[in-house]
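Two complexes follow with chain A in common, the first pairing it with chain B and the second with chain C.
Now for the complex of A and B:
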């Protein structure tokens, strides 16, 4: 059987940075597997700019950002295999993959880094009634058609959901000569980045209809329009508020789901709050030697943070292979207090060293709130913020020595405190 | 000049085409839409009914039981997925015991094969631990099963084509009339044809054709049913198809595993007027969930992958309308085929073909080959089989639909086969590409490319289901310029 020290599943931003991280830590036997023809993952179709402000202090497009990492991977001579689909991962770290060139292969790895990214929630999962006609796309699929295939789905557009890809596609479709009539968001706030709302909707006069949803889809052979209605606090449509929007294209940006089918095959525990693996501060999953990072672990807002997280996973995978990852002591659970959703990591080892990074999404919009980390009832971190929103992740770096009393602590509590009215 | 023209490429029409190909006969099937299996046959509950439900003495009862007994052979000969997972008809009140008894008695009278008995709450919960708290007892139907309705229809068509039947799609029939020589003339969008016999298997439109040639008028109205499909993650929640005690509108909402491992919930039963109205509605979907909630409490909404609706061809007699029209010689009806139509279809097809053979004095076809092999399913292969498949055809090494693990080889074969796929939905039905949890988000661009390549058309001409259902509108660039 083919063998490798570190096998990385996925050659998108997470996989590339994980490979670079592992290499720079000293690993020399690394293999990246990717299902597509070219490395770079979904960044290949993200031709807008805004990537890399944190990592490179400059504004890059998605393909440029990916290329920086691809160049490094190639400079280091890290082997990668494209057009190779992983179809199984076992708990003892045997990966089964298929490709045209090599047929079916089993590869035994010492460590595996899961970097499969995420997928978009489809229409069917929303249960939106109406016709099942063409003209309804997830925003990312439309993005692939326009940006990689050079084809336009349509010219009269409504966008359901205000996730970042939907916002970016509102601007992109406008650039391509389409008329974007509205961006319709069920919640009273957007799930996208503020900067995208300003730069992709406001700048083009595209209305963002908060607390609205699509309640009907029309058109037998092709989409001809949608019915939009306002929703109440229970998120149910309010009768009498329906309004027709003629359109030939409905783009959905209603959420991303980490693609953890392989993860589950390997018996890795999944966290319901993130739909990604349960990990400790080293990004190691419940199966020793299997690590997870990037959007397959939890859906990020910025690719820069994906790269940062993935580098760390790469370093730790190498430490694991070298037997240098200290036997973790007791895993202290991280509890989500008020306002905190989808925290990563879910556990911190009581013997944690270095910097512990916590990331989570606020459950709602909070102004002038404090983000607090508590151990044994004692605040070890308290950080004031101007505004917190579900669209923007909170990223906390905490030196491990600050987590004093961890050995005795039943849990670590992360919570948001809002100022009293 | 044909011996037989079949109007309609659903499971019944394709089944008749296959059964006729056992004889020396020149058969042509005319399908209105871009592909076979595009009406009721693609949007139904995918159940092999045991035969307890129909009133004794009806055609529904007779053909249900006859059809049910044919599925093992269909599985063997046509390589169609069939599972005998039993059906359970659950009651939620002990006061309904007499109604269960009545079904049991009806099943016995109809000649239901296999186990048929009422089980108490303890046994019900032991078999199906996830059944709702209100469930009290159930009728166990051993002869209940599940089948893939698309593969069944496609298999009938492929096998018929292999044995000599001709198929034309986009061939809507607009007129059927008697010629002076006693033959029938069939006018369609694909040409005008002369034939000795006609089979009316036009589903929801079968009343239209009957009424063109017969004074014994038939009326068929659409009865819409709305469904949810849940992710494969939930495939083990129920083992049997879980019915609820029937009402006068139909068999009620059921929760059933499918042969593909997903879970189906539905259908509602709503009488509508428009024969093309296949919308789902907020009310219908809500009703589906509400009623199914008695069988499966706390249905995981995050498990939904899609919703759809189907139209049943409900006739005004309440029964199937089969056989040669009394006042229109050699015009054979397969009308008003609603539930248990899928289960009955093999028997209806066989019986109709026999009637025709008898009337046209057809001789057996010595070259008839009953065997059809399914497109190899990469997702079901062992690793050894996968390695061998890729060695033989490297396209098996290219997974296009990642959710259902469908390879490029399977997609290409689905297009190249006789009566092959010619649109995105046709590929879906033949291979499951795009039917998984991402609902074709990732694979659509590649599937469009493959279809365009195989059919020799522009990607802009690729449709979801024929007609104007194009996926894409225009190219962005022409002669190096942005063109949109």
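Now for the complex of A and C:
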């Protein structure tokens, strides 16, 4: 059987940075597998700018950001195999993959880094009634058509969901000559960045309909229009508020789901709050030697944070291979208090060293709130913020020595404290 | 003239109002920090945007992604897009190569953002 020290599944931003991180830590036997023809993952189709402000102190487009890491992988001579689909991962770290060039292969790894990214929530998960006609796309699929294939999916567009991909596609479709009639958002706020709302909608006079949703989809041979209605505080449509929007294209930007089928095959525990693996502060999953990072672990807003997390996973995978990852000791659970959702990591080892990085999503919009970390009822971190919103992940770096009393602590509590009215 | 805008510097998204007589921005209100005030000033007097788009590639159905090397004046966006859409390049092209010089007299070049060929 083919053997490798560190096997990386996925050659997108996470996989590339994990490989670079592992190599720079000293690893020389690394293999990246990717199902696409080229490395770079979803960045290849994100031709807009705004990537890399943290990593490179400049605003790059997606393809430029990816190329920086691809160049590094190639300069280090890290082997990669594209057009190779991983179909199974076992708990003893045997990876099964298929490709045209090699057929079916089994590869035994000493450590595996899961970097499969995420996919978009499809129409089927929304339960929107109506015709099953062509013309309904996820925003990312439409982005692939326009930016990689050079095709325009339609000319009269409505967008459901105001996530960043939907907003970016509103501008792209407008740039390509289509008319975007509205961006419809169920929640009373958008999960997209303010910059995207201004520069992708406001700039072109595209209305953002908050607290609205699509309640019907019309068209037999092809989409002819959608019915949009206002929703109440219970998020249910208000009868009598329906309005018809003729269109030939409906784009869905309604959330992302980490792609964890392989993770589950390996017997790795999944966290219901992130739909990604349960990990400790070293990004190691419940199966020793299997690490997870990037959007397959939890959905990020910024690729820079994906790269940072993935580098760390790469370094730790190499330390694991070398037997340098200290026996973790007891894993102290991280509890989510008021206002905190989808925290990563879910456990911190009582012997943690260096910097412990917590990332989570606020459950709502909070103004002038404090983010607090508590161990044994004692505040070890308290950070005042002007605004917290579900669309912006909170990223906390805490030196491990600040987590004093961790050995005796039943848990670590992360919570948000809102000022009294 | 009265202007209303949303600050893009952070998730606060302050609603800023201001008056502009074509020379001077006055009565800026609603901002929370200095960045907001500065944003209102430039956004009203000289709004600019980066433009990213696609050009054709000879012998390939897949387009090539490009960007303006720096932001261009907002009213030029659609004229620039028209010129960009009408452009076809011959491979090989590398990241940073100039694809269109001084697009629409903006003083800004359009450059490739991916490698082809």
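Simple rule for what comes next: the second predicted complex is superposed on the first by the 421 of 421 C-alpha atoms of A that agree within 3 Å, B and C clash if a C-alpha of one lies under 4 Å from a C-alpha of the other, contacts with A are read in each partner's own complex, and residues count from 1 in each chain.
Criterion: contacts are C-beta pairs under 8 Å (C-beta built on N, C-alpha and C of every residue); 3 or more make two chains touch, one makes a residue touch a chain.
Everything quoted here is computed from the prediction, not taken from an experiment.
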Which superposed partner A:195 touches (first chain B, second chain C, both, neither): second
Contacts of A:131 with chain B and chain C, given as first, second, both or neither: first
Partner chain(s) touched by A:49 [first = chain B, second = chain C, both, neither]: second
Partner chain in contact with A:67 - chain B first, chain C second, else both or neither: second
Touched partner set for A:58, first chain B, second chain C, both or neither: neither
Which superposed partner A:203 touches (first chain B, second chain C, both, neither): second
Comparing the two partners chain B and chain C, which touches a greater set of residues in chain A: B
Touching partner for A:149 - first (chain B), second (chain C), both, neither: both
Partner chain in contact with A:389 - chain B first, chain C second, else both or neither: second
Doubly contacted chain A residues - partners chain C and chain B: 146, 148-150
Chain C contact footprint on chain A (complex, rising order): 44, 47-49, 59-61, 63-64, 67, 146-150, 175, 193-195, 197-199, 202-203, 386-389, 391-392
Complex contact set, residues of chain C against chain A: 5-13, 32, 49-50, 52-54, 56, 61-63, 65, 67, 74, 81, 95, 113-115
Interfacial residue positions of chain B with respect to chain A in the complex: 228-229, 276, 278-282, 284-285, 301-302, 304-308, 383, 386-387, 390-391, 394-399, 402, 405, 437-442, 444-445, 459-460, 463-465, 467-477, 482, 484
In the complex with chain B, residue positions of chain A that touch it: 35, 83, 85, 87, 96, 98-104, 106, 119-120, 122-127, 129-134, 137-138, 140-141, 144-146, 148-155, 176-178, 215-216, 220-222, 237, 248
